[in-house]
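Each of the next two complexes has chain A plus one more chain, namely chain B in the first and chain C in the second.
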Partner chain A sequence: MAQRIPDADVLLALMGAPHTSDMLTSAVRLAQALLERGATVHLWTCGHATGIAKAALGATKPRNLENWAHGYPSTLALAERLLDAFPEQLTWYSCRFCTEERGSVPLADRIKLRPPFKFAEHVAAARTTLFLGVI
Partner chain B sequence: MADQTERTDREDGPGRRLLVIERAYRGALETQFADVLYLARELNRQLGGVDVLLRGLAVTFAAADTRPAPSVRVGHDTLDTLPSPRDSVRSLLEHGAGVYVDAADLAHFEAGPGWLQPGVRRAGGPDAPGPDWSAYRDVFFV
Partner chain C sequence: MADYLLTESQGPWAGPGADRFAEDAVALRAAGHRVVLFLVENGVVAALPSGPSALHTLLERGGEVWVDGFSLAHRALTADQLLDGARLVEMAEVAERLLEPQVRGVWH
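Take a look at the complex of A and B:
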């Protein structure tokens, strides 16, 4: 059955890896600011950005040798914090092709896998699309 | 293997390594404490001493002023464990690493006296030629 894409104020299409620049940081800051103002936001991840929310990351990063007792949240935990805080406003999609190609399966349960050839439907569902980074 | 003696470069002989860091802003949310300077501290410990040359935007790692503390709001929480390169440079200096900054790149920030942390050296110009690459055992771009 065809999935209906809900409307959104902004679609943030994240293409780049989370470690090559601060694009992810900027995207999260932007999403947070939009969500705090009541906007509806769709996130779409492609390429290595799909790895942000892969289940294998667990809740925390590996330990810090210089601060052994401190827990540092994984990007998965940060993604879940965002989804927990704005369950009605934020929807997170991930490109099925990229998710499989980059070994990011399985993702967190709340991330919705979508075929890449449906991307245009997501663009059509959003009033504004911001395309961030390159695969 | 159990019967092999663990090798370290400290036993192999003298010679420091030079680490050249040219890129800043490498994904703060994912990286947090495990940034390039965390690697530099570990290389300094394992390889018997390193010096660091900061270029490009990475020269800001050596700024003295650590304000504002880097943090970002995520959901209902504030994440305050983002990379803190200025604190990390201070830690590197305390652990015996030499830290140089490229003077030409520093000039983009109009960095006056007191802008750099104590102990950080400017590299560039006739009075401050910077590290002699040929004197190092290795030069690593990290």
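Take a look at the complex of A and C:
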């Protein structure tokens, strides 16, 4: 049975590698600001951005040698906090091809894998789509 | 007339794309559209007085230049260093603009 894609106010498509720029930070900041205003948001990760929410990251980043006692959340933990805070408004999708091709499997349970050729349906379901980065 | 929220995230040194994007903003404004050029990440440095001439032109012709305060602070820049007319904003204001039904958003 075909999956029905819920409507969204904004689709944020993260197409770039998260470690090469501030793109992920900007995307999360914008998503949070939209969600706090009651908007429905879909996040779609593609390319190396699929690694943001892979389960192997765990809850924290490796220790910082210059600040040994401080815990830094992983990108997975940040994603899960955002999903916890806005369970009815935020849906997180990940491109299945890119997820598998980049070795990002398994992802966190709440991330929905989608075939790349379904992306156009997600664009159609959103009132506004923003592409961030390039593959 | 349409409303555009154009986001530039790349610095002028990243290649000609950032300048061309600012020129697109000028062209849209010249065509009678309402244009906000939002500068974020490395894009904020374009709002220094030595930045692309297209930003000066956009402001002269009634467009708006928004600069992300978070990105500016991360680059040890301050609001008083920005070109006249550029406005410091937070992401909340950007989100509100993006949610207005008539607004078309583009991210570069």
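Keep in mind that, in the parts below, the second predicted complex is superposed on the first by the 135 of 135 C-alpha atoms of A that agree within 3 Å, B and C clash if a C-alpha of one lies under 4 Å from a C-alpha of the other, contacts with A are read in each partner's own complex, and residues count from 1 in each chain.
The criterion applied here is as follows: a contact is a pair of C-beta atoms (placed from the backbone, for glycine too) under 8 Å apart; a residue touches a chain by one contact, two chains touch by 3 or more.
None of these values were measured; they are calculated from a predicted model.
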Superposed partners chain B and chain C on chain A - clash or fit: fit
Partner chain(s) touched by A:29 [first = chain B, second = chain C, both, neither]: both
Partner chain(s) touched by A:10 [first = chain B, second = chain C, both, neither]: second
Greater residue coverage of chain A in the superposed arrangement, chain B or chain C: B
Partner chain(s) touched by A:73 [first = chain B, second = chain C, both, neither]: first
Partner chain(s) touched by A:125 [first = chain B, second = chain C, both, neither]: neither
Which superposed partner A:61 touches (first chain B, second chain C, both, neither): first
First, second, both or neither for A:113, with chain B first and chain C second: neither
First (chain B), second (chain C), both or neither touched by A:39: second
Inter-centroid angle chain B-chain A-chain C after superposition on A [Cα, multiple of 10°]: 60
Touched partner set for A:105, first chain B, second chain C, both or neither: neither
Closest Cα approach, chain C to chain B, once both complexes are overlaid on chain A (Å): 5
Shared chain A contacts, counted only where both chain B and chain C touch the same residue: 21-23, 29, 32
Residues on chain A engaged by chain B in the complex (per definition of touch): 17-25, 28-29, 32, 52, 61-62, 64-67, 70, 72-73, 75, 78, 81-86
Footprint of chain C on chain A - complex, ascending: 9-10, 21-23, 26, 29-30, 32-34, 36-37, 39, 127-128, 130-132
Contacting residues of chain B [partner chain A, same complex]: 25-34, 38, 41-42, 72-77, 79, 81, 91
Parts of chain C lying in touch with chain A, wherever the complex brings them together: 7, 9, 40-42, 70-71, 74, 91-92, 94-96, 98-99, 101, 103-107
